[in-house]
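Presented sequentially are two complexes of subunit A, the first with subunit B as partner and the second with subunit C.
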Partner chain A sequence: MALLEVDHLSVTYTPRDQPANRAVHDVSFRIADGEFVGLLGESGCGKSTLGNAVLRLLSPPAHITGGRVSFDGVDLTEADEERLRELRWVDLSTVFQSSMNSLNPVIRVEAQFADTFAAHKVPGDVTARATELLELVALDRRVLRAYPHELSGGMKQRVALALALALRPKLVLLDEPTTGLDVVVQRSILTRLAELRRELGFAVLFVSHDLGTVLEMADRVMVMYGGEIVEDRPAGEVLREPRHPYTRGLLGSYADPRLPEVRVSYIPGRPPDLSRTHTGCLFTARCPHAEDACRTTHPDLLPDRGGLVRCLVAQEDRLPVVTLGTAEAHTALGSHFPATAGLDRPADPADAAPVLTVERVTKRYTSRRGLRTSSVEAVRDASFTLRRGTVTALVGQSGSGKSTLARLITGVERPSTGEVRFTGGDGPDLRVDRLRGRALRDYRRHVQMIFQDPFSALNPTRTIAYALSRPLANFAGLGGAAARERAAQLLESVGLAPAGQFLDKLPHQLSGGQRQRVVTARALAPEPRVLIADEPISMLDVSIRAEILELLGDLVREHRLAMLYITHDLLSARLLADEVLVLNQGTVVESGPTREVIGAARDDYTRLLLDSIPNPFAKATGRAASPSA
Partner chain B sequence: MAYFLRRFVFFLGTLWAAVTLNFLIPRLQPGDPAEAIVSRLAGQSESVDPAQVQAIRVMLGTPDGNLFDQYVQYLGAVLHGDFGISYTYFPYSVTHMIGQALPWTVILVGVTQIISFVVGTLLGTWAAYRRNSRVDSVITLGSTFLGTLPFFWLALLLVYVFAITLHWFPERGGYGGGSSPGWSWLFISDAFQHSVLPAVALLITGPIGWIIGMRNNMVQSLGEDHTRLAVARGLPRRRIALTYGARIAILPNVTGFAIALGGILGGTVLVETVFNYPGMGRLLLESVSSRDYPLMQAIFLFTTIGVLVANFLADLLYGFLDPRVRKVESA
Partner chain C sequence: MSTPAPAVPAPGTDTEGVQAAATAVARTTRLPGWFVILWRNRKCRIGLLMLAAFVLLAVFAPLLAPYDPHEDAFPTSLGPTGSHWLGTTAQGEDVLSQLVVGARTSMLVGLAAGVLSTLIGLVIGLTAGFVGGWVDEVLSFLINLGLVVPALPLMVTLAAYAPVRGIWLIIVVISVTGWAYGARIKRSQVITLRTRDYVTAARFAGDGTARIIAREIVPNMTSLIVLGFMGAALAAIGGEAGLAFLGLGDPLTVSWGAMLNQASLGGAMLTGQWAWLIAPGLALSLLITSFTLINFGIDALSNPHLRED
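Presenting the complex of A and B:
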């Protein structure tokens, strides 16, 4: 008998005023004692719903509509509230996604430990036990006295992990535990997690959209698509030869940024609408290998190459053979999908005309507490140039000063010392750090932003046409039919064609990728010379990231824009940027052509960033991601 | 500590600003109060005798000197609780009139406000705890329905049924003709009898806001991830409802309650008018309708001070209840 047994589990959302949504459909799997299983999938695939169903944490309108979950022989789907309460945490604990507030904000960390011990009548000294647990996750005992808001995201997540281990459970369900954290922090937490698992021997169900992390950490990987498990095989096997076309597509969106040639691919199209009934394979619409039978026959999850795969073509062995593990093979995998990003590049970016120059800029923030003043240098003596038709990536951890530099360039803030010069306009050169009032407003049409979160960057109550008409009215004086026509052109230029389908939609009717395209179109509306893209793909699904990168790259070349690409993700910087600046605590520690900086990093900090990237190929190529620092 | 000190300095600042505005606004108005009184006494068409005006000025103690001297005098008077003579209740001082009315209001409105808050918060917590159950529907729909009824209509209905038809309670006033104010048993029981109907009127509508506010806040805090994690941690339901739900949901209501308590000093005009209750609300209404400026000014000042003090206390309490606020201030 396995530790966790899930049999034919289905979960349906039945909202009051919308059609029912079959989020999880007929899912079965086992987890053995001490096993580390990854559950991989993109947003909306049902992985978190499945996790919550296993924990019996679903809240209306979600309901388990069939199947059962049993843990250590106890049927969780039938157990009553009190029985569940006794089981919870003692045998089965969880860590939620790091960006969420899973700690009670108004009580101290120690009280949250005390709560847990009291609920399960654990005798003994709470402080001593909690201190011990914090030591497991490398936190100081002083954290016990802190309130959650006094801790950083990484520290909170360590506390959550310590809390999850408090009663020495047999299984820990980790739901996106490091999403939203810095790569370096993520690396240190994952390393600690792996060590703890070896020491304590608990089993893990690791739910994530991040293929790199899952493949690196897990013994076995389950890939979910459209509420179903489509592939369930040992991680090593998946890496050697992914069998489901969807898994292949996901793997194609990864690459080692240090390789001399980097290619990634994306999966075109959108996931299926689970409120409708489908015949045939759910992935057919996006699948490059789909055959006629795929459209009519729904495949079963059948044994295949050391695991289970739900694909007719794979089961009949008609899938092109791909063996991963070498750069060449990975390139070949990428080309199974129609487009790749990040290929052509101008010969020498230094030749292009400068549009904006940042010279020896320092930004100091002073804060006063009582009579004492303290100052922080968010940016220290930074110099760089943005050039026409090229992308400059600004890479660094959160808090490294990336966003401050963006604010200095847009004129929202002024540098303490140094100059920001705009030389890309038709008129005379502008000193951005001295502009005010009307002149600043006029300058802003030249510098536009693409934001990180496409979900909050658009007013949810206004149509796409309206969102695009605002900059057109403000900067180009266009109104009425002229604005609408121009808005349609803009939408088509970012690949939303025919534009008529999108103009009168509201943001919530579009997917994340489509919204980010609208945000991009809006940034293009005033015909800017400089585009600042602040982590534009980090909130998007892995399978479509390359698609947006490709769009941004094309726009830069086509419109001869200068782009500042702000990111913590070195792979995307490698794909998109001509030049890279690495920022560490406000100082530019390394800069130069992308291939040189990333391919042969000289600075320790750059190397730390590179080593921290989850690397699914580390297992296959034997290059282990070394946890430094 | 820095947080509490900062709140106190802020409180003193607003208090000074309120007192100063109270001084300035009447002086910015055109016209002379003494002339206004005389012309009202004499009727509008008749000319005003300067001697009469002078006499009234002397009587009212109209200030002299330049604006700054007046301001200093005014501050001194306010500190001593001297607000001058009431025009309508001459020769009683404003302080005397307020002293007469204040206890009635403070006891009636204060007690009902506290009961409303406690009952409202408890009902709201219960409704949120049993969300979407019958208890929740009854509480939520019931309070929404009562909230839509016009207050004066409800009050008049109470008077009609329980005073005029059933004769259970007196229909108007704060005490009967048979007793005189004092600490006698007779008077206290008489005053209690008189206060029942206005108190019931206030208690019917009072908790509604707290119920809805508390329920909605708590439904939200029960939907937060820390609550879900608390469930996953196997915490008892009651503990989750109190520490993870109500403890967080009550925060905004605490501020609201403190401000409501501060507002007591202004009285409740509607209730005191319907029941002809001798409190601050009725005094305010009378002072406004008879243009009794000193009285009006003093009542406004009292209300302002009440709200400010209550706000200050709410800030202190909030800093105590919500650790996040302290952090923001010291960051």
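Presenting the complex of A and C:
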């Protein structure tokens, strides 16, 4: 008997104002003691719903509509709340993406451990045990005395992990535990997790949209699409040869940015609408290998190459053979999908006219605590130029000063010393560091922002048409029908066509990628000269990142914009940017044309960033992907 | 249980999520979204129906009351009879008529003081939260002052020493003592909302502060405003009844509090006029119950996990 047995589990959402949604359909799998299983797929494929259903954490309008879950011999689908409470946290614990925000803000970390021990009647010295647990997740014991708000996101997530492990559970459900964290932090948490699992021997169900991360860590991966499992095979086998076209598509998002030629690919389109009934294979609309039979016959999950696969063509062994495991071979895989984000660059970026110059800028923040003042230099002596039709990537860990630089450029803050000059306007040059009031407001039309979190960048109560109408009214004097028409054009220019379908929608009715497109359209509305994109893809699914990057690249070239692309991800910088600046603790440590900086990184910090990029191919070849200068 | 549990937002925290749901619902029904969500909650529906009954009673009081409530030509201290269902007072007025007309007073006080203190709280909370800096410090001091000053004694003192007596005085006194709590909640909500990217985005789109507050921030607070209004109205109704019971109300206004006051002064207990004594208290507690039931729905509005979808 396996530790966790899931048989024919189905979950349906029956919300009141929308049609019912079959989020999980007839899913069966086993997890053995100590096994590390990855659950993958784009958002909306039903991963979290499945994970929550397994733990019986679903709340209305979600309902388990069929099937059985048994954990360690106990039937969870039948168990009462009392029994579940005993099991949860003791034998079965969880860490969510939001766990770091659900630590109790008003009590110290130590007290949170004490509460957990008390709630489950664990005897012994709290401090000693809590210290031991913190050491497990590589945190200093001083963290015990801290309040959650004094810790960084990564540290809080480690505390959440330590709490989840506090009672030595047999199975831990991790739902996107590192999504949204910095690459370096993400890397160190995952490394620690892998070690812990080896030491303590718990089983893991790891839910993620990031195939790269999961393949590196898991024994076995299950790929989910449209509420069904489409591939369930050992991780090594999947890397050697992914069998489902969807899995292959997901793998297309990874590449080693150090290679001389880098290509990533994406799967056009979105997952199917599960409130409608579908005949045939759910992936047909997006599948490059689809045949007539796929439209009418729903494939079964059948044994194939050491696991299970749900694809008619693969089951007849007619898919083109792709042997992954070398980064070179992956380049070939990407071409299976028609849309490939490969960007042309101008021959020499120095030709392009300067639009904005940052010269020897330092920003010092002074904070006063009682009588002592302390000052930090968020940016130290930074100089660079943004040029027309050129993307400049600003790369660095969180806290390295990237967003401070963005605020200096947009005039939200002023530098302590140094100059910011805008030379891209029609009028005379502007000293941005001296603008105020009306002049600052006028300047902003030239400098627009794309935000990191597309869910917070659009007001949930305002329609898309309203969001787009504001810059049009304020900067172009357009109102009424003229504004609406222009808004529609803008939507089409960012790939949201036909625009009529989107104008009157509310943000929550759009997917993350669509929202990010709307945010981009709004930024384009005043016809700016400079576009600042602050980590525009880090909150998006890996599978649609390439799509948004391609859009941004096209816009830069089409509108001859100067773009500052802020990121901690060197792969996307390699794909989009002409020039790279690497920022470490406020200082520019490396800069130059993208290929030179990334291909032959000299700075230790740049190398650390490179090594932190998830690279599934490294495991298959048994080495880190080799840098090729 | 204090074991870390999966994140369930505390009531009142996810006002944007609520607003998004409410806005979406509103587009299908033409009714305000928050109302639809309230209506769907069973307890809340009962509360709304009860409140509606009181509102109708108040609006049509002159038609429904069998006599003029000030008419004192009837026999005094009657028990319930065919022509005086709830008897008469020690002055010879009809108790039922006073009860019906008294609903008007309670409703008027609840509505007016609710609106007034919500407005004061909204303006002060929004300004403090959005403007920040020394303005916030001054306003926060005012808010804290409003919170620590004990409302009831202040109300009693103000009402006792005011040179004029009248229902509007009571309304003003209640509003002045009752705005601070709502202001504090709104201030902290604005502080979270103003750091949202969509507020920054509106700045970059060229919008000014007033428009940002009115169009970006306030719409995300409607559930909080409704909640604040309900709380303030309830407190005002209770406050008026309390003052009137203590004899500090307007002697010319018929109200449930004043009825209780007269019933105890007029010796209803001694003459065994239970109807006179119980009716106003019962009406008051039914009204309070209706508010409490509506509050169940408001909790559901703020916390999606309690919503009966």
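Everything that follows uses one rule, which is that the second predicted complex is superposed on the first by the 617 of 629 C-alpha atoms of A that agree within 3 Å, B and C clash if a C-alpha of one lies under 4 Å from a C-alpha of the other, contacts with A are read in each partner's own complex, and residues count from 1 in each chain.
Note that contacts are C-beta pairs under 8 Å (C-beta built on N, C-alpha and C of every residue); 3 or more make two chains touch, one makes a residue touch a chain.
This one's a predicted model, so the numbers in the text were calculated from it and none came from an experiment.
Asks: Fit or clash for subunit B plus subunit C once both are placed on subunit A?
Replies: Once both complexes are aligned on subunit A, subunit B and subunit C clash.
Asks: Which of the two partners, first being subunit B and second being subunit C, lies in contact with A:Thr116: first, second, both, or neither?
Replies: The answer is both, since A:Thr116 touches subunit B and subunit C.
Asks: Considering only the touch criterion stated at the top, classify A:Pro260 as touching first (subunit B), second (subunit C), both, or neither.
Replies: It touches nothing on subunit B or subunit C.
Asks: Counting residues of subunit A in contact, which comes out ahead: subunit B or subunit C?
Replies: C
Asks: Of the two partner chains, subunit B (first) and subunit C (second), which one does A:Arg522 touch, if any: first, second, both, or neither?
Replies: After superposing on A, A:Arg522 lies in contact with subunit C but is clear of subunit B.
Asks: Go through the superposed model and pick first if A:Gly477 touches only subunit B, second if only subunit C, both, or neither.
Replies: Neither: A:Gly477 stays clear of subunit B and subunit C.
Asks: So in the superposed three-chain picture, is A:Leu163 touching just subunit B, just subunit C, both, or none of them (first/second/both/neither)?
Replies: Once the two structures are laid over each other on A, A:Leu163 reaches both partners.
Asks: Touch check for A:Tyr147: first (subunit B), second (subunit C), both, or neither?
Replies: first
Asks: When the two structures are overlaid on chain A, which partner does A:Pro15 contact: first (subunit B), second (subunit C), both, or neither?
Replies: Second partner only, subunit C.
Asks: Could you look at A:Leu103 and tell me whether it touches subunit B, subunit C, both or neither (first, second, both, neither)?
Replies: both
Asks: Contact-wise, after the overlay, does A:Phe451 reach subunit B, subunit C, both or neither (first, second, both, neither)?
Replies: After superposing on A, A:Phe451 lies in contact with subunit C but is clear of subunit B.
Asks: Among 98-106, 116-124, 188-196 or 206-214, indicate the stretch of subunit C whose C-alpha atoms run into subunit B.
Replies: 98-106
Asks: Once the two structures are fitted together, what part of subunit A is touched by subunit B and by subunit C alike?
Replies: The answer is residues 57, 59-60, 85, 89, 94, 96, 101-104, 115-116, 119-120, 160, 163 of subunit A.
Asks: Considering only the defined contacts, which subunit A positions touch subunit B in the complex?
Replies: Counting only subunit A, the residues touching subunit B are 55, 57, 59-60, 81, 84-90, 93-94, 96, 100-107, 115-116, 119-120, 147, 149-150, 160, 163, 367, 369-370.
Asks: Touching subunit C in the complex: which residues of subunit A?
Replies: By the definition above, subunit A touches subunit C via 15-17, 57, 59-61, 85, 89, 94, 96, 98-99, 101-104, 112, 115-116, 118-120, 160, 163, 410, 441, 444-445, 448-449, 451-453, 456-462, 467, 470-471, 473-475, 506-509, 519, 522-523, 525-526.
Asks: Touching subunit A in the complex: which residues of subunit C?
Replies: Touching subunit A: residues 1-7, 16-17, 19-20, 23-25, 27-28, 40, 196-198, 200-207, 215-216, 219-220, 305, 307-309 of subunit C.
Asks: Can you list the residues on subunit B that touch subunit A in the complex?
Replies: These residues of subunit B touch subunit A: 2, 132, 223-226, 228-237, 239, 243-244, 247-248, 251, 321-324, 327, 330-331.
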